[in-house]
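Chain IDs A, B, C, D, E and F follow the sequence of writing; residue 1 opens each chain.
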């Protein structure tokens, strides 16, 4: 029933290739089917003004799409003079989600910026960005630990995300673009590896949903994130 | 236990004063305790380019805060040269939520813009904006019906929103600013008058939550929205 | 002869409601007929760089119109990326006018920002903003005096403003929108309560005027400002 | 008493050199003492959208200062990303003033843009821009008449401007920069060659003035503009 | 003598991987040593306004660097609100260079946009972008030919580019970042496969050069481009 | 054969008028035929952050065109909100070129900004800006020497620039606008007075060129710059 022929609860093939760029402290290329996102983590020994002197660390994120990551060419945000509303929403979500997996005291007063750039898009780019972003973050943290700049690991638990939605009346896991553009209801579920919830964003464009449906989607999300965390752990091992 | 002395499931006093400005087709001033939002609905007999000729209507929203609606003065967005990320997120949410209550075929090819301007802020401004925005929208639609420009009511059901969160370890309904700034977990729940869900945004900044907690918050939200819908119906009667 | 039926030298009903928002140090809602402007005064214990260390205070102003304060919806300046020329002109005028009523030495090295936001427009918004802005300023100053932060009152005399113009060949006081949009000649007169002039802006769009006409308009303005000062004094009493 | 040694009612030397650039339909370099402004008039056979089809013409103006026209280098507005408030105010004034001397029906549906660029500044640049701008406008109109594109002269009367102020307690005509930066009260007076007033902008920064003082300044302004109109007529003859 | 141990006239290893993204009509990832640039070509059946109706085609280019393509993280241009001067210079150069290899009549009235995004930078990114950009362009054109949308090949000859400079007093071919940041004199040479020159940009920052040196660098450039053209032909075969 | 009737190797008449504005430390108006550029040099006793404390000086440049310097009126860059790509390219070139003639150690830690504003354009404005810019720079430096702020002259050699191109198949020197707009190949050559090359920018829009042609253009450029340096020396004598 799904355009891709997948089962309702079947995710796309996931691959996480690490250390894909030589400059970043941590990096990976995550592929969720045809959605490919390059994630890098950059460490700086300074923090934003609002936490200066607090002893706390900060994790933030930026998100972008290459102009031809999509089916028809998008305008480059640098030429339109600002980041669009969707971009801003997504990068705030990525940063907030990753911070939920970090002990900011243990991290010390430094900042890690996670850049997530979509090379090729086929639905679910923000979820892939969070999942891959955590891997880049972890690799950068491991480098700090190895160098003796950190004495304990500030990462509490992996952070991963997956989308679920109602497609053609059925609850489905990990929507690709053909599904995403048709689904009246869909959401993003960000969880930690220990099963705790970080963020739930269920949204209906031109539609509505019931609590029962929401519950079913939550079940799918827990199952999906569990598989993603396994892939993350393998990647950083 | 709550700073305001309210019970865990007690909302702030709600008042909705209608027809507060003479120019707008629909308007109201909604007060949720000390949060005051002026909502106006403006009808235009044209639609955005992407639906031109489709026969469908469009509802969109804009959101703003007066510089001294807050405890310390905020910079005016018009002088900083752009709307901030938070503003953009909120106005996209308001528009999306209101559209979920509209039959866009019945609405005909016209646009209604709902402006929500925060006069005084004390937490929960986006929820107040959605709840009051629907009242302004309804009044504008009623005017179109009365004038014979619409033959049937395109509004399917009221749309209202409330925030819930975990404050001091307890699930609470309708957070005010002192609670909102302390709560590690909070969310916005947008529902229709018929009980259907439109949007759920649960988010944890520096914290996490369980499915059980989420379920409790949903219960509170359903209860809160039900009271708001009663107030909306009274206001537009 | 006037669309409103007023006499040539008759002002609209004036009302000034004070303390309309809980956060601002001073605030009022001024109504000149159907023109409604919300004015707030915000005190900061810092001054702009160009007077740092001078011991002098600073009063500045910002002005905005809610999108649907006007007959047809205006574009929100925050979305167009900048304040328009008219806005900038008006807020510079408000700041300059209010400063003319202030002893900046007595004020001490602090800044008061007066925000004037037009809730509903029907002509004469900048004059209402100055008149109401002074009330908000006065209330904020009174609070500083009461708190012992100021030992003497730095406000020399009230500042108030009124528009006059030639409508249908006749000199009229306090133009409303229907008059304003027809008048070829109109002006804004800002005076102090002691009768001294602060600013005179007479302007003719597609028309001209004589010195005699100007003199008549000055007479009307003096009369109008005198009434406004009475209303200001009553409001802050 | 004046820094320049001029009498109270003595203007600076005026010179108007015409046809200073080969591309513009009309152009002049006006010198009011050490204030030098290059004015060009550009004719276009199209009008702004808001008067399209009305049969009326439009005159508009833009104003700029070269970065080193001033004593210390100013930031170039093109690099700061926008025109400052002062620039916007001035160019609106120039356009409005010039339009007051134009029969827009006789002008026909075309636009003339007057650019006023300050090459060297020593006070009174906006007045010099208006006075020189009218000369450029007149030369462009003469070219249209000569080419048969206009059958009658749409210029009703010359438009010229001069500043006056209270310097060291004395009313003075045509303030230069040392006077302008000291004067608590000063104003710009724009008149037509037939003696009619177009715009009066009296302003006090940190000061006030009386009606008597205003009257004296008006006398000076009438005298100054009269001399400027003579210079304009000689230039375009 | 070179940091990399290369001979003076030795280029870095070149690889060109084609069809690296599924959406673009043509794409490649070009690697010049550690400089990696993703190039995509997007075909649109419309042209910019200035050639509409001329029957001519247009090739244009955009250039960007991922924030962590460099040794320390760069600010994302989308967040700084505009493309920097260097970016604009480079993308204009890429577009101009590629157009020099195109018969715009044979191309027909359509536009091809070549996006060059630097994934990893180590000097010479603009040259890699031109060389790889031509490959993406060629693949897109081949697709148009195959689909019957073009009846003849509008690409006259390959276009490729290489940098040369004076490093430590010696003329060197294909500078990497350590050389580039030290070289007082360097340049970019864009040639066609038939040996004709398209663009020569020799520049000295804090240094100068002689005609003899320039001639030697030209020899190196011809040799380098010849090798690049061989790689391009192999890639598109 | 040339539209102007000049010989292939004949430059336009050059004139350099110095000290044309009273505020700038150095200034000139350079005329290359009908191309007129006003150049000013502004000295500041501070340097950009990136060389603070290095003891080195900095020379930078900005470039602008008056709106009606061209045949049809151009949009003012201050109103379009940013400098266009061409402007940025040109001002970077001017700054880089002038720095190549400066001993930045001898200059001391100060900055000189050279502003080049095109009053009238007829081709070759960037070359005129460099040639005139050097004169303004020299005059400012001479003033610093005279005042004892500099003990030795940091200017190594004059810097001048000329354009050459292939027009109607022939190599020509110093292209004017009619030639420039037709030439498929043209370039800018910046040299020092001692014959050393600073920058060569040969570019072909829709065309190509051979090494032989390039060599001929270099010969012309050397001849042209030699004449310009003579004019510069006369101007600053």
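One rule holds in what follows: a residue touches a chain if its C-beta (ideal position, glycine included) is under 8 Å from a C-beta of that chain, and two chains touch if they have at least 3 such contacts.
All of these numbers come straight from a predicted model, not from anything done at the bench.
Peer 1: Count of steps on the shortest touching-chain route from subunit C to subunit D?
Peer 2: 1
Peer 1: Same or different, please, for the subunit D to subunit F contact, judged on whether over half of the interface numbers appear on both copies.
Peer 2: same
Peer 1: Taking each chain's centre as the mean of its CA atoms, which one is most distant from subunit B?
Peer 2: The chain farthest from subunit B, judged by C-alpha centres, is F.
Peer 1: So which pair out of E-F, A-E or D-F basically repeats C-D, with more than half the contacts the same?
Peer 2: E-F
Peer 1: Distance from the CA centroid of subunit A to that of subunit D, rounded to the nearest Å?
Peer 2: So the centroids are 59 Å from each other.
Peer 1: Counting only Cα atoms for the centres, state how far subunit A is from subunit C in Å.
Peer 2: Computed value for the inter-centroid distance: 51 Å.
Peer 1: At what distance in angstrom does the C-alpha mean of subunit C lie from that of subunit B?
Peer 2: Subunit B and subunit C have C-alpha centres separated by 33 Å.
Peer 1: Name the residues of subunit C that each touch 2 or more other chains.
Peer 2: As it turns out, subunit C has residues touching two or more other chains at 82.
Peer 1: Which category does the touching pattern between chains fall into here: line, ring, star, complete, or other?
Peer 2: ring
Peer 1: Can you trace the ring for me, subunit A first, then subunit E, and on through the rest?
Peer 2: Loop order (subunit A start, subunit E next): A, E, F, D, C, B.
Peer 1: In the complex, go through subunit C and note every residue touching subunit B.
Peer 2: Against subunit B, the touching part of subunit C is residues 21-24, 27, 34, 38, 40, 42, 44, 62, 64, 66-73, 76-79, 81-83, 87, 113, 115, 117, 119-121.
Peer 1: Sort out for me which residues of subunit D touch subunit C in the complex.
Peer 2: So the residues of subunit D in touch with subunit C come to 82, 85, 88-89, 92, 96, 99-100, 104, 187, 192, 196-211, 214, 218.
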